[in-house]
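Read from first to last, the chains carry the letters A, B, C and D; within each, the first residue is number 1.
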Amino acid sequence: MSNPISVKVGSVELKSPIILASGTCNFGHELSEYYDLSILGGLSSKGLTIKPRVGNPGVRVAETAAGMLNSVGLQNPGVDYFIEHDLDYMDSLGCARIINVAGHSFDDYMAMIDKLAPHKDKIDALEINLSCPNVKAGCMSIGSDPEQIKLIVSSMRKKTDLPLWIKLTPNVTDIKTMALAAQEGGADAVVLINTLLGMAVNIKTRRPVLNNNTGGYSGPAVKPVAIRMVSECYQVLDIPIIGCGGISNYEDVLEFMIAGASAVEIGTASLVHPTCPVDITADLKDWCEKSGESLSSLTGTLQLW
Amino acid sequence: MSNPISVKVGSVELKSPIILASGTCNFGHELSEYYDLSILGGLSSKGLTIKPRVGNPGVRVAETAAGMLNSVGLQNPGVDYFIEHDLDYMDSLGCARIINVAGHSFDDYMAMIDKLAPHKDKIDALEINLSCPNVKAGCMSIGSDPEQIKLIVSSMRKKTDLPLWIKLTPNVTDIKTMALAAQEGGADAVVLINTLLGMAVNIKTRRPVLNNNTGGYSGPAVKPVAIRMVSECYQVLDIPIIGCGGISNYEDVLEFMIAGASAVEIGTASLVHPTCPVDITADLKDWCEKSGESLSSLTGTLQLW
Amino acid sequence: MRKEYRCNVVSKCMLNTDTAFIEIKCPEIASAAHPGQFVNISCSRFLKRPFGIASVDKDSGTFKVGVKVVGKGTSEIAAFEAGQEVDVLGPLGNGFVIEAGKKYILVAGGTGVFPVNFAHEVMASEGIEHVVVEGFRCKDQIVLGDPSYILTTDAGDAGIHGNCCDGLDTLSEDQVKDSVVMCVGPLPMMKAVGNWAASHGLKAYVSMEQRMACGIGICLVCVCKIKAERAGEEFDHKRCCKDGPVFPFEEVIW
Amino acid sequence: MRKEYRCNVVSKCMLNTDTAFIEIKCPEIASAAHPGQFVNISCSRFLKRPFGIASVDKDSGTFKVGVKVVGKGTSEIAAFEAGQEVDVLGPLGNGFVIEAGKKYILVAGGTGVFPVNFAHEVMASEGIEHVVVEGFRCKDQIVLGDPSYILTTDAGDAGIHGNCCDGLDTLSEDQVKDSVVMCVGPLPMMKAVGNWAASHGLKAYVSMEQRMACGIGICLVCVCKIKAERAGEEFDHKRCCKDGPVFPFEEVIW
């Protein structure tokens, strides 16, 4: 057992199950001042769109019990700028390069694949964020309509053989249907979960704390929902799952992997303790040493009652 | 302004917006040892079913960050036993008597109404819990199918003129559709929210902590989701909303009312601090005195951005 | 009316490396507590933690609990020092019924030694005849032992080599006869002791443990299977916190 | 490499009823800090809280922050006593550029007096010419005042009756000429001071405040509107925590 914490997500080999979640590590520059990112399994870029986006105005964060709401609104420099200025940097980090792709319409997503596919030597996987609230299909997002998910994933599949990781929204009645639709469309993996939709009210001003009214809820508070969704999907899927939502220590990582995740993403925890992935990595190695087990053998070992 | 904290939920007048949530106060006996329940707006009984239920076996609670999962599984003595042994007690408490009704099928719910309707002089409202996971309609619960909601509510409506408060599950893609369906069926109010579906894993045994595998997630952690749903529904509904989910202090009550609630329910907070409704009530009175406002005037004053 | 008390830790000592003995000031609880009852103590985690009342000093208005470290809450509580503020609910549950004129056999294993310590304290002060039998894994684990106790260790490095039942077997016929057995410990042990009592024609009471939330009977998460009162049903789910934690042995479905 | 430091509070005093001055030991931060930078300090709430560095003592390896109580986090932090453990990230952000040979006008309102105190401290010790103008609501609110400062109060019960700009207007032509203005305070005040500077032909820098999560530039929640670098675009959203908090006045879109 040379590296007991290495894992595989389909064809993608990761030297650790820890991936930094999109939107909580930018493109890696800032966190590189805190630790050597090559210890990570991977880093998922800030969500990118065809055009640059300034994101939402005003207050974008609200603290909650054991978590936070954000309404950044996909602020990003646009995919062209990213390719020119940040992709090489991400390539230099020494961990898997996951590019998070967002869009407002079917066409947006297709255009994004066309832009990124030519750079496939610098990309390990495309993480497709299907939970953007403003899409052609109408007021409901692509990520809560299985037909749309299948269509969009299968259309991307035709354009690239880069691994497609489909990141799903938890704000749905039945996550299994969405995950199965992604699988049928040809996804290589699903990422569970993006943020829960939440709101906080300022009782003095009687206005939402966030200028966008609602925001994405993340942090330890969402973990029980994420674990449940990972476990539900593991029972029906044939493709791997990347677990995400509230992870803040190595025990959380084990919990996600036992429930069915092949790898995990750490989001909000990096905002609270930037070097927590360093500690988690060390603790995971320690656990493997003590238990004599490799992490990858944990995936899906949960025995339901 | 004789009582600045009195509110109305449709035709039901409550001397305070505080209602104890179903399943977190039993039928009132135990909490009466801690405070005089007549200070409350109301008390919602433990969820009742046609037949007595022993509930789920084994471990039924898992602690989480800022909340807990429960898998009690509707343990209750059955509606007949309740009517014979507990209804008079609830009637004696001096606060509104809300009877929480659960079932496994359409027929169950109808039978429950037939049992309870004759006791309408001892009942202020029926709270219909439409988020039971095992119903005739198939694996999806009644509470996540608008057609079923409308059917069941309109059928109940024909059987009783007791106020029908429909308690909805948050585990749906679009809560507005569910709330509107309840309204169309003739509901007098909706109660938002019941618990989020969650899971916790014991990493040593590699089994779910709860013997029922999943459980209902409650406590401060769910508040942002609940507030968002109350606000969303307030924007489309004509009937009142009773807010619920994570309330643990008077500021939470104000937040829910500003977002659109006419009254609120306190659940898990009673498990952590049994007398917290006493403090919240005092703080609300204090707030009214200081602000010169009545609580009922707060409902729905949220000004969105 | 009952209350949730905001109390102070008055003293703390370690009984062994992972077990703390914590004294908390709360005159109301100290004066109302009966052996077998428990308290629910707050820490920084979301829910309170239940501990059997291990000792009471009515004069100083304090009570003690023994806390064995098994997880995050107990690590935190075992590290409390004098002055620490805690929220406490108690005394909770139904304890042991101790009647003058009767005689008792108290049996403890694991953290069961704490409630049994309180029962012994009360019986000793009220002159109620009783013997105490306690089982431990090994010598290091022995806490709150008393020279009058019959101690057993699985490892055999102190007291009688064996378990509680081996300890019980050393009692004289006289000690056993007409006694009431009270047992607190791990489930298998309580079952074995209950069966031992039954085989000697003795009435036994056991103290059940279950994960709790409220501790006061309103959430129904802490149930254990108890023989149904109504005919036709196999069992009832009774609340450990309110209907128990002490139940007659023969009513528990194991 | 940068680090999150686990530090101890060394001393705490109250500057007035709702403002604490807290000294924290962290040699790394003390030696690296520049005026205008801030630290992110943990409390029991989920996110850390940002505070401008108000003073540094490199010899003792400590720095100070002034904490005005406005909510739950600041109440908790203001109540910290010596010995309290805190997690601290810092020094964060881009501070004021202080150049030898230049002269400065430092202007503060509200909690802006804390970073300005540090700037004054550094300039005084390095012999850099500067004046300090501070505006308060009333006499009671004056904290960290120095006899050399020009103080203004809205209430007129101390110093000059008026706001910071009224204070600035009392400066001699000589004091104003060729100075660089550095301003920390509420938005309307910074805007007024910036305009005052512009009308006197002076370059001004302001320190923006926004709700933060990470404080280190990775989450993009803390942005403010800054004139776009690329032509054709109206504005960029720049991060207060990483690209700021100090920005040239003329680049901020108010």
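We take it that contacts are C-beta pairs under 8 Å (C-beta built on N, C-alpha and C of every residue); 3 or more make two chains touch, one makes a residue touch a chain.
Since the model is a prediction, treat every value here as computed from it, not as a measurement.
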**Q.** Chains touching both chain B and chain D
**A.** A
Q: Moving only to chains each one touches, count the minimum steps from chain A until you reach chain B.
A: 1
(Q) With centres defined by CA atoms only, which chain is the most remote from chain C? (A) D
Q: Compute the distance, rounded to whole Å, between the mean C-alpha positions of chain A and chain D.
A: 36
Q | Approximate Å spacing (C-alpha centroids) for the pair chain A, chain C | A | 48
Q. If you average the CA atoms of chain C and of chain D, how many Å lie between those two points?
A. 58
Q | Junction residues of chain B, two or more chains touched | A | 62, 64-67, 219
Q) Multi-chain contacts in chain C: which residues touch at least two other chains? A) none
**Q.** Chain-level touch network, classified as line, ring, star, complete or other
**A.** line
**Q.** Interchain contacts, given as pairs of chains that touch
**A.** A-B, A-D, B-C
Q.
Quick check: in the complex, which residue numbers of chain A touch chain D?
A. 23-26, 30-31, 33-35, 46, 52, 54-55, 57, 59-68, 70, 72, 75, 219, 268, 270-275
Q.
For the complex, give me every residue of chain C touching chain B.
A. 1-4, 45-48, 87, 89, 210-214, 216-223, 225, 233, 235-237, 242
Q) Taking the complex as given, what residues does chain B use to touch chain A? A) 58, 62, 64-67, 69, 140, 144, 171-174, 196-201, 203, 206-208, 210-214, 217, 219-225, 227-228, 231, 246, 251, 254-255, 258-259, 301-305
